[in-house]
Structures are given as structure tokens and as C-alpha cells.
Amino acid sequence: MTIRVDVIRQAGAFTLAAQFASEGRVTAFFGRSGAGKTTLVNLVAGLLHPDRGRITVDDETLVDTGRGIDLPAHRRRIGYVFQDSRLFPHLSVRSNLLYGRRMTPRVERWGSLEATADLLGIAHLLSRRPGALSGGERQRVALGRALLASPRLLLLDEPLAALDEARKADLLPYIERLRDEMRLPMVYVSHSIEEVARIADTMVVLADGRAVASGPVAEILARSDLRPFTGQAEASAVIVARIVAGGEPGVALVDHPAGRLSVPGLDLPAGRAVRLRIRARDVALAVGEPGLISIRNRLAATVTGLAAADPPMVEVRLDAGGDVVMASVTEGAVQALGLRPGLPVTALIKSAAFDRMSLGPLETDNPQASRLDT
Amino acid sequence: MFDALTPEEWEAVHLSLRVATAATVGSMPVAIFVAWLLARTRFPGRALLDGFVHLPLVVPPVVTGYLLLLSFGRNGPVGAFLENTFGIVLAFRWTGAALAAAIMGFPLMVRAIRLSIDAIDPGLEAAASTLGANRVFVFLTVTLPLMLPGILAGAVLAFARGLGEFGATITFVGNIPGVTQTIPTAIYSYTQVPGGEAAALRLTAISVVIAFAALLASEALSRRIGRRVLGK
Amino acid sequence: DVTVFAAASLKNALDEIAADYREETGKRVLVSYAGSSALAKQIEAGAPADIFFSADLAWMDYLGERDLIRKDTRETLLGNAIVLVAPADSAATLTVEPGMDLLAVLGAEGRIAMANIESVPAGKYGKAAVESLGIWSAVAPRVVQADNVRAALAFVAAGEAPLGIVYRTDANSEPRVKVVGAFPADSHPPIIYPVAMTTWSQNPEARAFFDYLRSDKARLAYQKQGFTFVAAGS
Amino acid sequence: MFDALTPEEWEAVHLSLRVATAATVGSMPVAIFVAWLLARTRFPGRALLDGFVHLPLVVPPVVTGYLLLLSFGRNGPVGAFLENTFGIVLAFRWTGAALAAAIMGFPLMVRAIRLSIDAIDPGLEAAASTLGANRVFVFLTVTLPLMLPGILAGAVLAFARGLGEFGATITFVGNIPGVTQTIPTAIYSYTQVPGGEAAALRLTAISVVIAFAALLASEALSRRIGRRVLGK
Amino acid sequence: MTIRVDVIRQAGAFTLAAQFASEGRVTAFFGRSGAGKTTLVNLVAGLLHPDRGRITVDDETLVDTGRGIDLPAHRRRIGYVFQDSRLFPHLSVRSNLLYGRRMTPRVERWGSLEATADLLGIAHLLSRRPGALSGGERQRVALGRALLASPRLLLLDEPLAALDEARKADLLPYIERLRDEMRLPMVYVSHSIEEVARIADTMVVLADGRAVASGPVAEILARSDLRPFTGQAEASAVIVARIVAGGEPGVALVDHPAGRLSVPGLDLPAGRAVRLRIRARDVALAVGEPGLISIRNRLAATVTGLAAADPPMVEVRLDAGGDVVMASVTEGAVQALGLRPGLPVTALIKSAAFDRMSLGPLETDNPQASRLDT
């Protein structure tokens, strides 16, 4: 799915002027509070209208002020999970969930009330009114309601912010299944880099109403010029590897050109490509043999550059089998190890450090996956 | 008190109920539509429509009744048209009394409904539209149910006003026992002759009782709706 | 059924006559009581009235001019008188005569209650009577007008107005007021109630009841209410 | 049209404005209080109060006027009390007309305000209380401002009703040119004489114009309030 | 501040029956969506009333159904930042912020509009209406409003959930200053363990309306029986150490009985005690001398136990100078290193892994700090 946006919209003191094209199956809108994420999502949904510009999804023009096109929201078939849940207060949870279903042609429906409610953990709430739900419960019902309308594109505005970690961990795989099995394209608004890295393949970084960057998640997260927007602590690389047979139960062995990794918490069949986010702060470096230590994941790499980050940390860029990997180490360590460009090193990555939030299977037809086969 | 009613008075009570009910029920769809137009749309002539809706409040009922007589009477333009085209006669029929009551209660109903519409979060309607509901469906499934408190309040006001309507009714359809004589016009007759006060007060008490019953019913209904609509 | 449009002040008399008539003939008579003006305008607008019984000459004339009544049936049936009343506990004594000192009874700010002096017959007659006594200009600023003679009577009965001018028929039946004096019959235009059949009426029964309205039985009913029976031509 | 008005008619116009304004302004605090009681509290006799508030709608205006005369006249219990205690006289004064108009418009005002109160999120009042505001302060700074749309709507209804009020007024305070003769009582007089229609319609047009102006003003105000209250 | 709660309240199908006492300066309410956190906070605020039971704060009884005491909300002087922001829609942001101030006796006021607005990044919004704010902006205004009422106790119901990482990183130190400098006691509802570990000293774990555990944060997080509630990936230890002179700029050297650590991102004077959260997944183990690796923070420790966690991970409990530290390693590593109770090991902790979210100074009078001096 390709989303092309080139719009200008002014309201009060805030001007949104965003231009980008996103090729990904899941596009993340990322940016600080007040950057314009919700405004942009509303424009895509058809709830706000641009002063000038156009938005297309694949070949369909949603709005084009030049040509006088503006498809009304209800004809866009774009699902929207609002930042505030906006449940219908006069309807039971069940009726809320089923609201959009009536409007969907029978052949295009997918999912069922029971399955969705079970998955979201709201099956026991079906006969309640929204007024008697907790904050997180409301948000889950809102998600179910949008899904059961079987949209062609799903907009999620910080859908997990109100949820606890355990619930998040339950829901993320479901969102992935929507992405991979239902092939449901999504726009995902979040300020959690973990979530973005796990779910999205493309991201658009917004700041002050402007799209300051857009592109593949791995590229954006690796760009140090975007660090002010994406966050220092979150410098990270996203690498793609392929699952091989032979892991112990609950651990997947994955092959990467630079070495073999064992990744806990991944339960996918051999042959499947996966996306792994490796945060710079989770990578340690060894020069020569590291000794008897518990870190068993090792990638052979070469230092390609050193960049000063927040003192005293230094960001070491590595080439690991063609992928960029970063390590965040102290200046002291740089000196002690004599790190310099060209030096071969071993990147040490704890198995436990693969973030559960950012582990996910790759869309099977993602072009990144094919690289592994060459 | 009740068994002291003459058959004619019983007829007046019965007729008043019929008139007030018909006026309330009949004007409701129109009031809902007009309230929605006024609250949610901008069109040229909107202010004019708004003013027009309020007219029955401002214009003395007798004048309203007279204007009704001129236009809806059998010789009036609208009245003649209705009679020739649909065979509907309003003048000097209980239907005319209902029309008069509907018109007098109309501004009250429209205002109450408008207030309810204004209190609806447009975000809910937006949410419905992203779920594929077109404007009409959004209105029927979201806006209308959330308007219920206003509709109910408006209905109570209009019903009560309909029970009490006198000036326009007697001027438009007269005071014919069993045909157009409602409680208020019957009361009027009593106040115009010596010794009628007791009968007038008795009839007044009856309409108060009826209105009270309607009010209690509406309050019970509104508590149910309130629980449903606001999850209270 | 016969439909009669009658001035509201005739209710007691006509209700009794209609009941008698029904007893005698088994036929029902519907009487719509309202102000003479409303009734006249309704008849003009095509109301289904067979008989118009007005408290006011002007509105009968109005219909006559428009050929809405059968002029040959028009007849003056009843007469009435206007009297000066005061609350029953009032100490006021007055003789109705030219130059009488109404203001003394009214006191500093008391008002005299009358029906509307321009539009309601009782008010018009009252004004003419007071004018003929030569004291209208003094009294005029103190007049409080009601929309009908019953409301004027209520002002006096409630003790709000020390004096009032109302029909004798009303004054006689209200224990909370007493009649202070009667205005001479020549001090104002004759107070009469005309009746006529409408041109619209095709109802053969109407004629019968119209005649019954002039019967001796009916006459008793009018007199019981204090009207004088003045059938024209008789 | 306007220069065709007689001085007496001008007086009636002037008086009507005064009466309707006084009725609206004067009854507003009471209406707000009663609406709040009905919407937010439960007490024995609440249903009775609710019914009582609606009475002026149901009872024919003439009866209301008569009951006012009996209780607020100089010899009536309340009237005598007011006169002896505060020196306030209502009978045959414009103040009496204002009282009649206020009472007739009261149910309309109360209902509109109640609807607005019901639409207020109690969570906002709770928030205010955690910030240290006691019940009165919460009411003044949160509830009352959020009620403004309803207060305004109620005021428009009551004002319009006050301009059009006839039956109770004339029965209670009569028709004294320059003292209690409002536009509707003047209109009524005209309708009672043959050929008076033109004058009646002329006066009617004037009250329609006044009501229209009030309506436009209220709409402008309500748009401002709407922007403020709902951030629209 | 001591908060004692022993209440029962039933509403619909949900019964809250919580009993606990919290001694801490900051008490966290922690639990899954729908566990009853908001309900409990409302009871403390006085917005809900218990069916039975009592709540006391220090010596003051807020509610006691037995004695018929129920202090009204406005007399409790308890600030509340709601999960939904509940700004007054008819007031400007400025008036919202100043709302509670008028009610506060002048001598008890602290903070100023300007300083608070600047800190929260809402100074440019002061003349706006709440309707024209983004989700995160609303939440910041709500926080400012509660603070400017100068409460004696502040209830925060997921105050940071709607905020981006950068904004969170800005606000957390401010909340700490409120805790330490203003000595403002707080109840903090959150489902982020990072935040809880950083802010709170005591935590109450809620599940299904019951307080399943309460006590010092370190203790609760270390208890493996509570792992179903606190989350597997989040197993962590909280240790207390003291800052010593001599760090490079931006890095604090801290002394712990088991060794010296250098911690980036801590800017506190020498002598100050700090609280460090060390997540099990960030700890690697070495047996014997490790080779030339970039991990410079090493604590001498002894294995005290091995506990199976989510396979294939094993949680290794260590005694490091008297503090419990945990390491999460794979079964493969356990075998390769021959880990068993009693084995002396070196715990390796990357400097970069200290979570910015969970680094914070300790309340100066915290009893844990005094242990360091013995």
C-alpha cells in the first residue's frame, strides 16, 4: 500500500504542512506531543479537510483540492481507533463492536465478534455500557469496533498508550497478524520506538506540523541527524535475519550473514524472515576473544565510524554482514579497547535484550527479506 | 371529583388527551428535523426559519388562531387545498385543535431538542462515519438516540402546552362540545357565566392531574434514558 | 344535530334550553360558546353553525353585511342592563345620577373595573352611560379594563377594585358583590342580544330549535338568568 | 408602519419590552436554582415541585391569572403580605404583568436549563472539587458557565413568551393604557371590534420584529458561548 | 507519609476490596487494565465512597464508615491528575491552571504559573481553550492545574501515558523534584515499571480489585511470585549506591559495596545516594576474568539461586554486596558457564543500559541510604 500525502492545513496557530510518500504495509507517524500526528490522521480519515493538497492511497484519491475531490469519511472504509476512545455511550459494548459491521458488505467481512472480543479480553464486558469501563477497557473496545468494520486501512492513534505491558504484549502479536495474515495496511501513531520498530516498516517523523523525514524504519532509526526527534537512548538498528531449524523450545535460532543468534520468545517456523531491533545500548563490543561470559550472541563486525553522542557515550557504527549495527559505549571503553574505524570487533548481544515489544515476523513479501537469500 | 363530571366534560377530557397527544406525536418528526437543521447546518434563511419557529410564542394565541382560521379554514388557501386534494378538513374538527396545539408547542419542542443536539460530542458522529455510516445512518443511530433527553423534554412541554392551549384553539376551531371542546375551552365557558367557578376549578384540577401523570411517566422514562445514554 | 354559536354569557340559559329541548324532542343541540367576535369570524370562515346568538349588535351587523345570516330570521331576543357594583363589604353608597362623585368612592388610587370600553359590549355601554352622566373624563384614567365582563366582575369580587360596571345578570349571581346602583336605560344604547340563522345552514332541524329559542319554555330560562325577554316584533 | 403607531400603542410597546425583560431577568435566578434542584438533587417532594413548575403550561392562562388575582391581589394572602412587609404592590401595576409573564415563562426556562445541566459531565465538577472548590464555588465557576447555553435558550423562550403573554396578564392586572396595557392586550382589543384586524396585525408585526431582534442577539451570544464553552 | 487503606466497594460486577498500608513518599498503584487502580484513586480523592472501611493519610482520617467520617473532596487538599484530563472547557488554559490557586491559603502556595507552564512546555498555549489542544498537551495542562493548587498529596493516574519519550524524560525529573525538594507525597498510577522504579519507593500491586502485594518497590520487583503481575521481561533489582567524586562530565561514579559503577546521565553532587534499577535482562555474567570487552561496570557477586523463567531463560539471583541483583541468561549459558549456587561471578552491566527512565536520586532521608554508610 502506498500512501501519498501532500497537504497544507492551518487551524489557529498551528499549520500542518506535510509531504511524504510511504510505501510500507504499516506506516508509523512518530513525533512529539503536539507535532500534528492526530491532525494528519484525521486528514487521512476524512474527518478534517486540507486547505490545499492531496492524499492518495494506492490508486485511489481520497482528497484532492485541485480536482475538487473529497471522498466523505464513510466511503473511505478507513478504520480509526481514536486517541480518546469515542465509544457510543448509548450502546452496549456489544453494539459498539458490531456498529460498523452492518455497513460492511458481507463478502468483505472478516473477524468475528467472539474471536475479537476474546482476543481483546473484553468478552466479559459485552453487555456493559461504555460508561462502566476502565480507561484501558475502553481503548480495547474501540480497537475491536474499528476492526469489526473490516476496514481497508486501519488508523491507530496511540492505541496502546492506555494499556499495561502484559496487555500490550498480548495485543501486539494480534496487530502483527492483522498485518501479515489479514494483510491489513495500517497507520500507527505512537511515541514508543519499540512499538514502531516492531510493527512498522515505514515511518514518518513529524515535528511542528512538518514531515521532517520519512522512509524505512531501519533507515530512520539509524540516521543520527534525526536523533533529536527519535531520541538518544533509542538509537537502534533493525536487522533482518532468517529462522533456521534447531533451536531449543522457545528459542529461535536465526541466521544473519554476520553470525547466528538465538532469540527467545520468537515462535515462528524455520525459513521465516524476522525483523530484529537491536538497540545500541544493548550491544557490547569485544576485541579478540571475550572470555567465559554469558553473552552468547555474537556478530562479526567491523567498526565503520565513531560518533559522539550524549557525553560520555560514543556511538560506534558497525558493519555486520552488510547491515548497520550500532553500539553505545563510554569514552573510557573506546580508549581501553582502542576502537577506530576499520577495527574488526565482535558485537555481543544478550539474548534477553531482544525487546519483546520489537520482535516480530517480517511481512513475507518484504523486499528486505529477499536480501537474505542472495 | 371525577364522577361529578358531566358526559360533556368527559368528552372534553377525552378530546383534550387526544388533541395533546396528536399534537405532540405529530409535530415531533418535524420538530426533530427543524431542530437538527437549526443546530447543525448553515443555510441562507436559517435565521428566518429560527424566527418563524418562535412566532407562536410571541404572537398572542388569539392572533395565531385567527391566522390559522384565515389560512386553514375551509375558505382559506391552505384549507381549501387540503380539502380538495386530500379531503382533509381541519377547521372545526379536533384535528384543527391538534394543529393549533402543535403549533403553539412547536417552539418549545424545537428548543429542547436543539439544546440536546448542541450537547452531543461531534466526535461521536465522526467516529460513526469512519465506521462506514452515511449521514442518515449516523443521524438515526447516533445523533437521534443521544437527542432523546431533549426529545422527551420537548414532548413533555408540548404535551402540557397542548393540554392548556386555549386562545388559538377557540379562535380557530371554536368550542363545540364533543367536537372541538377541550378542557381549557370548557373551562372558559364556565368562567363566562355566574356560578361556573367551581366547575372551572374542577376541570382545571383534572388537567393538572393528567399533566402530572404525563410528567411522572416522562421522568421515569428519562431516568431510563439517562442511565442508557450517559451510563449514569 | 343543530349547532349554535352563542356568546359565552348565554351559557347557563342556553344549556338549560338545550337540555329541555333534548328531553322534549330527543334531538341534540351543540352550542359553541366564545366571544361574539371569534364566533362571527368563524362563521365568516365557513364554520358549521346553524344559528348565531350574539351578545353584540356590531358583530351581527358584520355578518349581515356579508350575507352570512338570513336577514329574515334576524331577531332581537334578550335585553340586559348594566349596573354599578362594589364589593359586598363596601360601605359605598351612591346614587347613579349626573355628576355623581365616583372618585370619592374610588379613593386615592382605587380603580373602576369595566369590560374593554372599545371592543366589549358591556364596556361600550358602560362608557356611554358614564359619558351621559358627564363624568367620563374624570373617571377614564381610573378605569381598569378586562377582556370580558366576567373578568371585570372578578376584580370587584376579589376586592381589588372598589367599583365596577357589569351586567345585572352577572351582578345578581355573585354574592361577593352588591349592586350600588343601576344605570338608566336611556343612558346608553339598548343592551340587546340578537339571534339569526346562518345562510350556510341547510339543516332542517335548525329551524325547529330556532323557534324553540323563542318559546315560553325558553323565556323562563332566560329570565331565570336575569335577562329580559324582548323578542322583537312582540 | 412604525410612524403609524398611536402614542398609546408606543406606550404598549415600551411596556411590553419592560415587562418581558423584567420577567426574564427576574425569574432567571429562581429558574436556575429550581432547575439545579430538579436535575441534581433528590428530595421528598421533588416530583411535586417538578409538577408545580409545569402548571402554568397546563392551566389555561385565564385561570392562572385568576389564581394570581386571588393570591397576589391586595386582598390576597401573598399580595397583602408583600404590601405590608415590603410595600410591594402588584395588582394593576406593570410589576403584576411582569409577574404573570414570569410565571408563564417559568416552565420553559426551567426545562431548558435542566437540559443543559444534564449534559454537563459530572467529572468536571469532581475535578473542581479536588482543586479545593466547595459546592457553591463549583456551581458558580463550573456548573453555571456550562449551563449558559440552556440559560440563554430559556431566556429567549421566556422573553418571547413574555412578549406574547395575554390571558394571565389581562385577568390579573387588567388593561390600563400606559400602566398595564401590553402589546397583546392592545392586540386583543383590536380583534374584538369589526375592522380592527389591520391594527391588530400591525401590532403583531411589531412584536414579531422585537422578538426577532432578541432572537438574533441571543443566537449571536450563543455562538460566542458555544465557542467558549465547547471550544467549537 | 503513611497511607492506610482498608476498604470495600462494590459497583456493578466489580468489587474493590483492598487493604494495605504504604509508608513511602511515593506510592505506586500498579496493575493491569481494569484492576481497579482508578477506582482506588477515586476513593482516596473522595470522589467515590467506600461501602465499608477507612482510609487514613498520616494521622488524618479521610473516610471511616464505622465512625461516620467522610471528608468532602474539596477539604482533602488532594490534587488529582485524571486519566482523562478533565480540563474545564469554558476556561482558557491559563484559567484552568489558576483554578485551584484561589482556593489555596496564600502561605501554603508554592510554584508559580510561569515556572510551571515553562517546565510543562505549555507557556505558548496559555490563552488557548482546551478544545484546541492535542492529547498530550491536555495532559500536561491537567498536571499543571493539579500542581498549582498546592496539594498536600498528589494523585497521578497514568499521567505520562499520553506523552512522548522526550517529554516524559523532561517531566520525570520535575516530578522527582516535587518529591524531593517540595517533599510532595504522591500516589502514582502507572503500568510502566520503569517509571514506577524511578519515582516510587513503595508499590501496591492490584489485581481484580484486590491488593495482592504492597511494600518497597525493590522488594516487590524482586519477588518472583509476583512476576505474573509485574511482568516477566521486567524482572529487575533496585540497588542503592552513593555518588563519589571523580566522574568524567556527564558520568557519575557511584560506589556500591560490590564495586564501582559509572552511570551516564546522572548529574548529582558527590555524596548523594541514588537508586539504580538494574534489569535482569541487562546483566551478563562472567566466570573468571573477561577478555577485552566494552562492558566496564562490574560487580563482584555470588550466585545464590537459579530459577526457571520463560524458557529458555533462566533467572540467576546474585548476592552483590548484600543487595539482590538478577541476571537473565539462557539455559545454554548456564551450562556453558557452569552456573550454580555459591559460584563467584562477575556481573557485567553496560553503562548504556541504565534506564534513563529509572534513574533517580533517592529521597535524602530514605532509610535505604543509611545502609551505605555502615
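We call the chains A, B, C, D and E, going by the order they appear; numbering starts again at 1 in every chain.
One rule holds in what follows: contacts are C-beta pairs under 8 Å (C-beta built on N, C-alpha and C of every residue); 3 or more make two chains touch, one makes a residue touch a chain.
Everything numeric here is computed off the predicted structure, so don't read it as measured data.
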Revision key, fill the gap. Output for shared partners of chain A and chain E reads none
Point to revise | Contact-graph distance - origin chain A, target chain C | key: 2
Review point. Could you state the distance in Å from the CA-based centre of chain B to that of chain E?
Key: 60
Revision key, fill the gap. Rounded to the nearest Å, the gap between Cα centres of chain B and chain C is 35
**Study point:** Gap in Å, rounded to a whole number, between the CA centres of chain B and chain A
**Key:** 57
Check your understanding: In chain D, what residues contact two or more other chains?
Key -> 62, 66, 188, 191, 230
**Study point:** Residue numbers of chain A (touch at least two other chains)
**Key:** 84, 132
Study note, to complete from the structure: Residues of chain C that touch at least two other chains are none
Point to revise | Pairs of chains found to touch, sorted by chain label | key: A-B, A-E, B-C, B-D, C-D, D-E
Exercise for review: Please give the residue numbers of chain D that touch chain B in the complex, ascending.
Suggested key: 47, 50-51, 54-55, 57-63, 66, 107-108, 111-112, 114-116, 118-119, 149-150, 153, 156-157, 160-161, 163-164, 166-167, 184, 187-188, 191, 197, 200-201, 204, 207-208, 210-212, 215-216, 219, 226, 230
Check your understanding: Across the complex, what residues on chain D touch chain C?
Key -> 62, 66, 69-70, 73-76, 91-92, 170-171, 173-176, 180, 185, 188-194, 196
Study note, to complete from the structure: Per the touch rule, the chain E residues reaching chain A in their complex are 11-13, 31-34, 37-38, 83-84, 124, 128, 132, 134-137, 140, 158, 161-167, 191-193, 231, 233-234, 248-251, 262, 264-265, 280-282, 284-296, 310-313, 327-333, 336-337, 348, 350-353, 356
Point to revise | Interfacial residue positions of chain C with respect to chain B in the complex | key: 3, 5, 8-9, 11-12, 30-34, 38-39, 41-42, 45-48, 148, 150, 169-170, 172-174, 225
**Study point:** Touching residues (chain side chain B, partner chain A) in the complex
**Key:** 121, 123-124, 126-135, 137-138, 141-142, 145-146, 148, 228-232
